[in-house]
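Below you'll find the structure, written out as structure tokens, and then a few comments.
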Amino acid sequence: MDAKQLDDALPPLVDRLVASYFADRRTQHIDKEYLPSQATIVDICDLLLELTFPGYVGRMGLTPHNISYHVGELLPRLFEQLCRETVQCLCHEHERCDERPPEDLSACRQKAFDLARDFVERIPEVRERIAADVQAAYDGDPAATSTAECILAYPAILAITIYRYAHELYQLNVPLIPRIMAEHAHRRTGIDIHPGARIGRSFFIDHGTGVVIGETTDIGDNVKIYQGVTLGALSFPKDERGRLIRGYKRHPTVGNNVTIYANAIILGSDAVIGDGAVVGGSVFLTESIAPGHQVSITPPILKVRPPK
Amino acid sequence: MDAKQLDDALPPLVDRLVASYFADRRTQHIDKEYLPSQATIVDICDLLLELTFPGYVGRMGLTPHNISYHVGELLPRLFEQLCRETVQCLCHEHERCDERPPEDLSACRQKAFDLARDFVERIPEVRERIAADVQAAYDGDPAATSTAECILAYPAILAITIYRYAHELYQLNVPLIPRIMAEHAHRRTGIDIHPGARIGRSFFIDHGTGVVIGETTDIGDNVKIYQGVTLGALSFPKDERGRLIRGYKRHPTVGNNVTIYANAIILGSDAVIGDGAVVGGSVFLTESIAPGHQVSITPPILKVRPPK
Amino acid sequence: MDAKQLDDALPPLVDRLVASYFADRRTQHIDKEYLPSQATIVDICDLLLELTFPGYVGRMGLTPHNISYHVGELLPRLFEQLCRETVQCLCHEHERCDERPPEDLSACRQKAFDLARDFVERIPEVRERIAADVQAAYDGDPAATSTAECILAYPAILAITIYRYAHELYQLNVPLIPRIMAEHAHRRTGIDIHPGARIGRSFFIDHGTGVVIGETTDIGDNVKIYQGVTLGALSFPKDERGRLIRGYKRHPTVGNNVTIYANAIILGSDAVIGDGAVVGGSVFLTESIAPGHQVSITPPILKVRPPK
């Protein structure tokens, strides 16, 4: 009985659904050839973590004898996957803009190869920066017992590591992959750093859930921020046809040695936080703070509640 | 030695644990037949995402030729899983309230079948709404480069998509499944939308982490909210026996074309946010805002920090 | 061609990467023997959830007949994994502090065995506390329809359950494992409870995303907190060499029957929140609140926006 009812009900619905796919093309990717794979980009993130923190992430029991073989196995795998996904993304842009596949696929492949090579060449320098971030986590949190604990259990280390690599791909103008990497880190940590943001050395985010750092944010060295902090945009100008204007500076600038406490919100490109400034918890700011100044919110109102 | 010590220590502990299960039945589900499976409900969410964004989520390489076969394979699978879990949930309610399994299991099965059919019939309309949400994400964020990027990398699209389907099941009075779906989306995105909330067309949540939208919230069309926003309840009246009263309107109403910035908190059913209003970052509100008005918090106090 | 280019480019990069591992040892774990496995600690969390909520988590269809076999299978597995990881952590501490492996490995193993036994002995009492937490979730949220829904769909139950077990290991001075467990719960729920915090009976966190509870926080019985609440440290004194001082009381104390609404921030050990106090949404506090008092923030400023 059920089966019979089902046989009647489902085929017309399949037809309606398929028809709806062709009525509105914004939410489907049918009859197009190129798209990056989210799963492969997650693999790329995992490989980068494994290459960055050998022995801590992924394979254990590494020795001075086997480490070269280990890296010699991981690095070509990373390269190959990054190359393939970059081809997909470059061709996807072609297809999306020109409404057809790219004419010269081999040029696309060569470009992806060059981009992936430029990227992997930068890994050692990026790792140096990440080591300074790990030290900043240990130095900045009295609850930390070792740098090992920071690497194994601090969401900020995961989020900042993936950000630093995604930022390199963003600077190389690789489409889509940096944002998918950033969103993967966001999902795992609650920390949302746009790969376009520029962040100096020894950066630390404590706890991290709810942190948002926008695309055109600039952050100096030795900056520490806490959970729930937003470095965001104030409002969005539109063009004469009512569409958002994209690509201009719209997020704050944060100097060196700045601390921003939990849930503070700093919005707009006019907000320049001077070197050594301290922004208190829950502060809402759209203006600049001079170097060395502190800002804080007004104390809460006390009410006496009558006993029940 | 270790093994001997273990043989002595564990059996009495097993007995103590098992005894504790029967001493307090609130935290066990033993000797009862019906319970929904969280894992299957996650599968249902994945199938809905795949049917909603064909080619973007799940199988790639879809063409006008294979798309009907693809949908014709996914849809019966979704139907079957939803049917089975709905039977579990309906019977679970029986068992929980009557302290025994339902007498007429076949009636339960027929009801689940009808509910699942009503639900799948609604998928095309829900997809239309979701397409408008994708457009709202692109139109609302200057950092977005394409609707494809929104589908692949915006947590709001995942959270709102699952919310829209969970809301349909909530309206059909399917127990438990809508909340388990919502919590799955919450876990993946940090966005907590109760399936009971009513949300209009073209809804966008930017960044999203920490957003909470309560069960009896009403939201109009073209609303945009940011990370950390709460649309919550103010306080909970209790009955004469001191138990919470459940099921009445206790969350805010938000009009059309409203923007609510990061970390704003709006509480209680008395809070009605008029059409076109703007609620600033970190604002705490328990009262109404007239149409077209803006509210913002007081500027922070500046303190000059003496040099060290 | 590609392959040839790759053969030229990658080997020197492998060498550079490997050289970088030995230039800065903070971010590698090479040529050392002991490290806990994050994956096994996640398994330990899953086993604890399965033992705590039999029939709800993991295997279904449990009966009074098979429950002893089920527990008799899970408990030795938990014990064995916990033992093995505790050995790794104890030896890791040795290796980290003394720069060499522990001399007496069998003493290390015996110590781990004793710690794991002490821990599993405590499971029934911890379960009792968790049952009171489940009841507190149901009693505290008008949207909850049953304790079953709380167990299946409330992130707070997952986070508090893992916290309560991690806290026992923290009290037993097991290194690293408690923090890795806490971070696993943080990742799954957005709720960050340090295992060092002390939390009384019947604790509930609604929604939960963004909650931070620091290492030396004390919380009484029947406390309810909402999403985005921080119980954090105010500032960190440093020793004469400029290094953070670790291990002293630096977080708030919260009495019995206290409610703290969304996004409130309470910082420092001077902040003592008296019994029955209510802290409003978005309040920022560094001082004490007397018993029975309410605190709230100033109302937002209203601005009339001129029509466009």
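Letters A, B and C name the chains as they come in the text, with residue numbers starting at 1 for each one.
The working rule: contacts are C-beta pairs under 8 Å (C-beta built on N, C-alpha and C of every residue); 3 or more make two chains touch, one makes a residue touch a chain.
Since the model is a prediction, treat every value here as computed from it, not as a measurement.
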{"item": "Turn needed to bring chain B onto chain C - CA fit, degrees, nearest 5", "value": "120"}
{"item": "Copy pair chain A, chain B: interface residue numbering same or different (half cut)", "value": "different"}
{"item": "Centre-to-centre distance between chain B and chain A (centres being mean Cα positions), rounded to whole Å", "value": "24"}
{"item": "Multi-partner residues of chain C (at least 2 other chains)", "value": "190, 209-210, 228, 263, 280, 282, 296-298"}
{"item": "Chain B - residues contacting chain C, complex", "value": "2, 5-6, 9-11, 13-18, 20-22, 24, 26-32, 35-38, 92, 96, 175-176, 179-180, 182-183, 186-187, 190, 192, 194, 196, 209-210, 212, 214-215, 228, 230, 232-233, 236, 243-247, 250, 263, 265, 267, 278, 280, 282-285, 289, 292-298"}
{"item": "Parts of chain C lying in touch with chain B, wherever the complex brings them together", "value": "51-56, 60, 62-64, 67-68, 71-72, 75-76, 79, 109, 113, 117, 120-121, 123-124, 127-128, 130-131, 134-135, 139-149, 151-155, 188-190, 207, 209-210, 226-228, 261-263, 280-282, 296-305, 307"}
